[in-house]
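There's a structure below that I have some questions on.
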Amino acid sequence: MRPSNRAADALRPVTLERAVARYAEGSCLVSFGNTKVLCTASLEERGPPWLRGSGKGWVTAEYSMLPRATHSRTRREVSSGKPSGRTQEIQRLIGRSLRAVTNLSAIGEKQITVDCDVIQADGGTRTAAITGAWVALHECFAWMHARSMISVDPLRDHVAAVSCGIYKGVPVLDLEYEEDSAADTDANFVLTGKGGIVEVQGTAEMEPFSEAQLLELLGLARGGIERLVALQKEAIA
Amino acid sequence: MRPSNRAADALRPVTLERAVARYAEGSCLVSFGNTKVLCTASLEERGPPWLRGSGKGWVTAEYSMLPRATHSRTRREVSSGKPSGRTQEIQRLIGRSLRAVTNLSAIGEKQITVDCDVIQADGGTRTAAITGAWVALHECFAWMHARSMISVDPLRDHVAAVSCGIYKGVPVLDLEYEEDSAADTDANFVLTGKGGIVEVQGTAEMEPFSEAQLLELLGLARGGIERLVALQKEAIA
Amino acid sequence: MRPSNRAADALRPVTLERAVARYAEGSCLVSFGNTKVLCTASLEERGPPWLRGSGKGWVTAEYSMLPRATHSRTRREVSSGKPSGRTQEIQRLIGRSLRAVTNLSAIGEKQITVDCDVIQADGGTRTAAITGAWVALHECFAWMHARSMISVDPLRDHVAAVSCGIYKGVPVLDLEYEEDSAADTDANFVLTGKGGIVEVQGTAEMEPFSEAQLLELLGLARGGIERLVALQKEAIA
Amino acid sequence: MRPSNRAADALRPVTLERAVARYAEGSCLVSFGNTKVLCTASLEERGPPWLRGSGKGWVTAEYSMLPRATHSRTRREVSSGKPSGRTQEIQRLIGRSLRAVTNLSAIGEKQITVDCDVIQADGGTRTAAITGAWVALHECFAWMHARSMISVDPLRDHVAAVSCGIYKGVPVLDLEYEEDSAADTDANFVLTGKGGIVEVQGTAEMEPFSEAQLLELLGLARGGIERLVALQKEAIA
Amino acid sequence: MRPSNRAADALRPVTLERAVARYAEGSCLVSFGNTKVLCTASLEERGPPWLRGSGKGWVTAEYSMLPRATHSRTRREVSSGKPSGRTQEIQRLIGRSLRAVTNLSAIGEKQITVDCDVIQADGGTRTAAITGAWVALHECFAWMHARSMISVDPLRDHVAAVSCGIYKGVPVLDLEYEEDSAADTDANFVLTGKGGIVEVQGTAEMEPFSEAQLLELLGLARGGIERLVALQKEAIA
Amino acid sequence: MRPSNRAADALRPVTLERAVARYAEGSCLVSFGNTKVLCTASLEERGPPWLRGSGKGWVTAEYSMLPRATHSRTRREVSSGKPSGRTQEIQRLIGRSLRAVTNLSAIGEKQITVDCDVIQADGGTRTAAITGAWVALHECFAWMHARSMISVDPLRDHVAAVSCGIYKGVPVLDLEYEEDSAADTDANFVLTGKGGIVEVQGTAEMEPFSEAQLLELLGLARGGIERLVALQKEAIA
């Protein structure tokens, strides 16, 4: 039995609210239950130096948590002078996931930075961030299209993500914090709208897991992500 | 004529929404027009080392802006490894303002950190932060009182703040960004509920100002802060 | 009764000694009693990047204390890797004060950095620094004028500063360290030679203060600054 | 055809040389073809603060590359003041992999740090590091056992790792640098001696991959890791 | 012919002024010509952690230059976040030199930090700093003795230092900046009052030097240091 | 009697192994007994900014120790965010020593960085590094010559280094760690193949030393360095 009484293959209530930030070219406030992430897409005129002259643009992401997003207060990373290893892992993952469905040649030599700031954290912040970031990025491209800055849509597909895990011996979808901290195995899946795998990261917290378990988790994720993609479609409609 | 058509002594629409953060002991989302600041109060068991053994507690504040709170994206401070001078000035000001109305002996050897994170910035973020931080702090003390951690209310009075300035030669209340960046003189006032001055900071951006002008600005601030204190009272009712 | 037996409106003995640094374009050793600050003005060929092409120059300031300027030794800021919030507040204040009386268009696209290094600290280091920095800056402009680098004097007026406070219930001028650490209210005033206010910063350390008290402190400051401006005139004669 | 003419399921020549560092409690120089990593295990008397009083120990890892391990020189991380995101990801992965097969209760409140320093890099440094780190850790435990510091072997199983990828459309085992930089999909697998999965990380560099491809890569990895575990057994014999 | 017309074996005018810092336990303003260094000795109650329980104290030094001590302005080290390699070399040298003549057991478990801040730099700042630091340290010990904190004098001997070099082919004593930047060989010598060598550092800037030249430079240094020790004796008389 | 039973003027067994790093333009693994340093020379197309347009190149060095090169584990310098003072002293010394025998005009506007990474440390790492770095640099110039990037050999002479010290009252050559940590005086000598002195650094650890002792140490060093230069000649033959 899950703490929330959810079925093993049930997502938490998910909302994707577009156009929530007055100044950003694109934005989305995503919530997976009590996890809330504000995603903003900022268009910047200059791409990274290594693409200069290539005609290609870049999409990158940054991730951070407000200090009291969490059950007890977390120190700001600026006070230790650098982002933690966990933060860097997550922001690299978000950036790779978005680039996997973006045609970088279609945006010109510009950069879009998607900031994912966790307002409240109850597990699954990185997967919620990816799911919301896609909506913010989509809105940014719509903004550019409305100003004739791009002619074709740079997005080739949807991308969304969800976490799964083995909790009390049972594979379950979309772990909240209480489940996450007790799970044996923790896995994050990033899939496209067509069902292709962009990223899979599975970690045994205590006991190693089997190929069969990996496939079960992937099956749960596939179901969840189909629903997330449907919600993305509603959000941008 | 002000960009918003407001009268010289008119505040922007102000809201103070309490209990917006699920995990914090106290919280308040404050908005002054398009400026929005999330204030959370976190109770920490250990006060600062220099108060150990004194029986007194401490109230401190931290301040930050989300990268796309602003019209164009601002780099995260963690990427330069340290808070900017501006950030440090502001968080010191918020902390001093709260401590000016707090009886530190009444809270025991504990620390309360009020985090003020700017979600959207349209001028006056530091004064909005002080005004909302007081509500979050009040809620935190109510939480402690409900758990018998304190017996008397550590708050001796309200504290609230507002900015004023001389815009196109006219003293005006509660500057928004467009006014702020064009103002001749910029002043921030922090007052208590009883009208005592906690902090006054006036800066001539171009031409020096006179004693008479300082007093005019203080008069505007006094009117605005009376209304802010009334809104604080509603918010905690 | 003040520790030094001074009258409430008496400055400490103030000296302003010009041309004390062999290599700097301008310099001044300022002392307010036991507080001693060495101010040097350095002309640099390149202004800040954001003024390139504007034809304007820039005046900025840096502030630091020698480790044993103080009663007990203070750690060097380089050992924590960054200037403290207090240091940044002070050097921003000095820079703003100097720029308030400087015609930046008259100096061309150059930068003058005024370094204020506290040799000995007995309260009021920031206000002494502003008062001495103006003399160093004046000498730097004279140096430039002698080399035909400028044709009109970029200084439009004097600027000087002094601290005031409410000590044992009585408003007093020019606090020394012992008074400063016991004062109820601490205020710094920066005024021009003509008496215009450039900056006012008043902080209640314990009890809020009233408008009447603020005006009393401003009155004391005005008297003190008139004498400081007279001393600046002697120093540059 | 692979650049090295290897079969798709062939490892590069792998060697595991034990006891190569005179002062370390355990060490192993591992090479996978031209990739060479020096792993040293250092026993430290104090575990991390959060385990104090728990009776448990800790195993952690650090990872670095010599500046000229690579085809062109890489700047030392100390010159940017912090380990890169990539370095942090890798050292966290090595630590998790070793802890997955270690009984932390069996080592007492001590810490073992396994340093993995890349002497030469030709792809697959993180997986080579995990494979060699296990040997160094095993030697460290033998050292402790010989001194009666532990009574049961804290290692519950072997752990080894290998990279796989889809190169020119074909799934291949143990990518060298030239293959790695051209691969469509890159996946790292960490398995135990009994075949349990400790970690799987698959990333689509360009095109998303399918479940069938993921299983093919896992199959290749399983074969390679069986051979690596056999080599670990020889090395510690 | 030297720029100053000095003889090859002539020091610049040297002054050692004691008791120049109001708050420090010991102080000395040393000048070698236009080079001026303020040395302050600060007594701190706690020695370094590695001496705790040993009954021994510690003497250490820090070195810094004011930004406009030099012909053109030098950036403050705090702005790059760390002391430069040159600064660290120099402060380690000053500390070693002072400890070479100090009986650390005679001062108890305390630390004395000698801060050497260069007010004006015209070559030879590190050797001037050592020479002045000894006087400040002596005064600090006198202060401690007057308060019965020590019973025997911890100083076993004088220590002083001077630079020498080969300038236009001729070995000369006490190089000023203009000579220093053109010298073939640059050597610093630290000697005790009895003539023992504490430190010798000789560096060929262009051509290697010979044993005979090294001895010539040592001879010049010996003469200079005898005069410096005589001046130290006068200063403390 | 020395711990190793060596004669006072005997080097440890020294080996210089060339071409040990697959990707570097030059490399040498040098060992002095149990001290082992990997030196790699990397050719970089751009010299330092201050030489741009001068037609001259630059040779520089970096130095680091693997964490478990030492008897007990040493923290990585990246974890404190900056190289230690000791590291900076050493890498500046290696760079100066190499430049003393290099004709910088003969290499064009390029930079060669010699990385000296200590694999195992048993005293004398900096002198071993200099001795091995020369071989790596020589190999790099041979590589450049083979590609017609240079026409004359930029090396004007050999350079090698050794440490000496007074151990139990006796001057001895090439101290190992056990001797080094107990020596009264520690001196490093850097000499050219022709016997010119490039650098001499002598430090009294406890008792000051005499001119006669300095000359004895120099004599020992001269003998040792003659043998080191002979070994360099063999290594490059």
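Lettered A, B, C, D, E and F in written order, each chain numbered from 1.
Convention: a residue touches a chain if its C-beta (ideal position, glycine included) is under 8 Å from a C-beta of that chain, and two chains touch if they have at least 3 such contacts.
Keep in mind the model is a prediction, meaning the values are calculated, not measured.
Considering the contact criterion stated above, the chains in touch with chain D and with chain E alike are F. Looking at which positions face the partner, chain A and chain B present mostly the same ones, since more than half of the interface numbers are shared.
Work out the mean CA point of chain B and of chain F, and you get 59 Å between them.
Averaging Cα coordinates per chain places chain B and chain C 28 Å apart.
Between the CA-based centres of chain C and chain F the separation comes to 51 Å, rounded to the whole angstrom. Contacts with at least two other chains are made by residues 81-83 of chain D. The sequence of chains round the contact ring, opened at chain B and continued through chain C, runs B, C, E, F, D, A.
Residues of chain C that touch chain B in their complex: 81-85, 88-89, 91-92, 96, 100, 191-192, 194, 196-204, 206-211, 214-215, 218. Residue ranges of chain D in contact with chain F, taken from their complex: 21-24, 27, 34, 38, 40, 42, 44, 62, 64, 66-73, 76-78, 81-83, 113, 115, 117, 119-120, 122.
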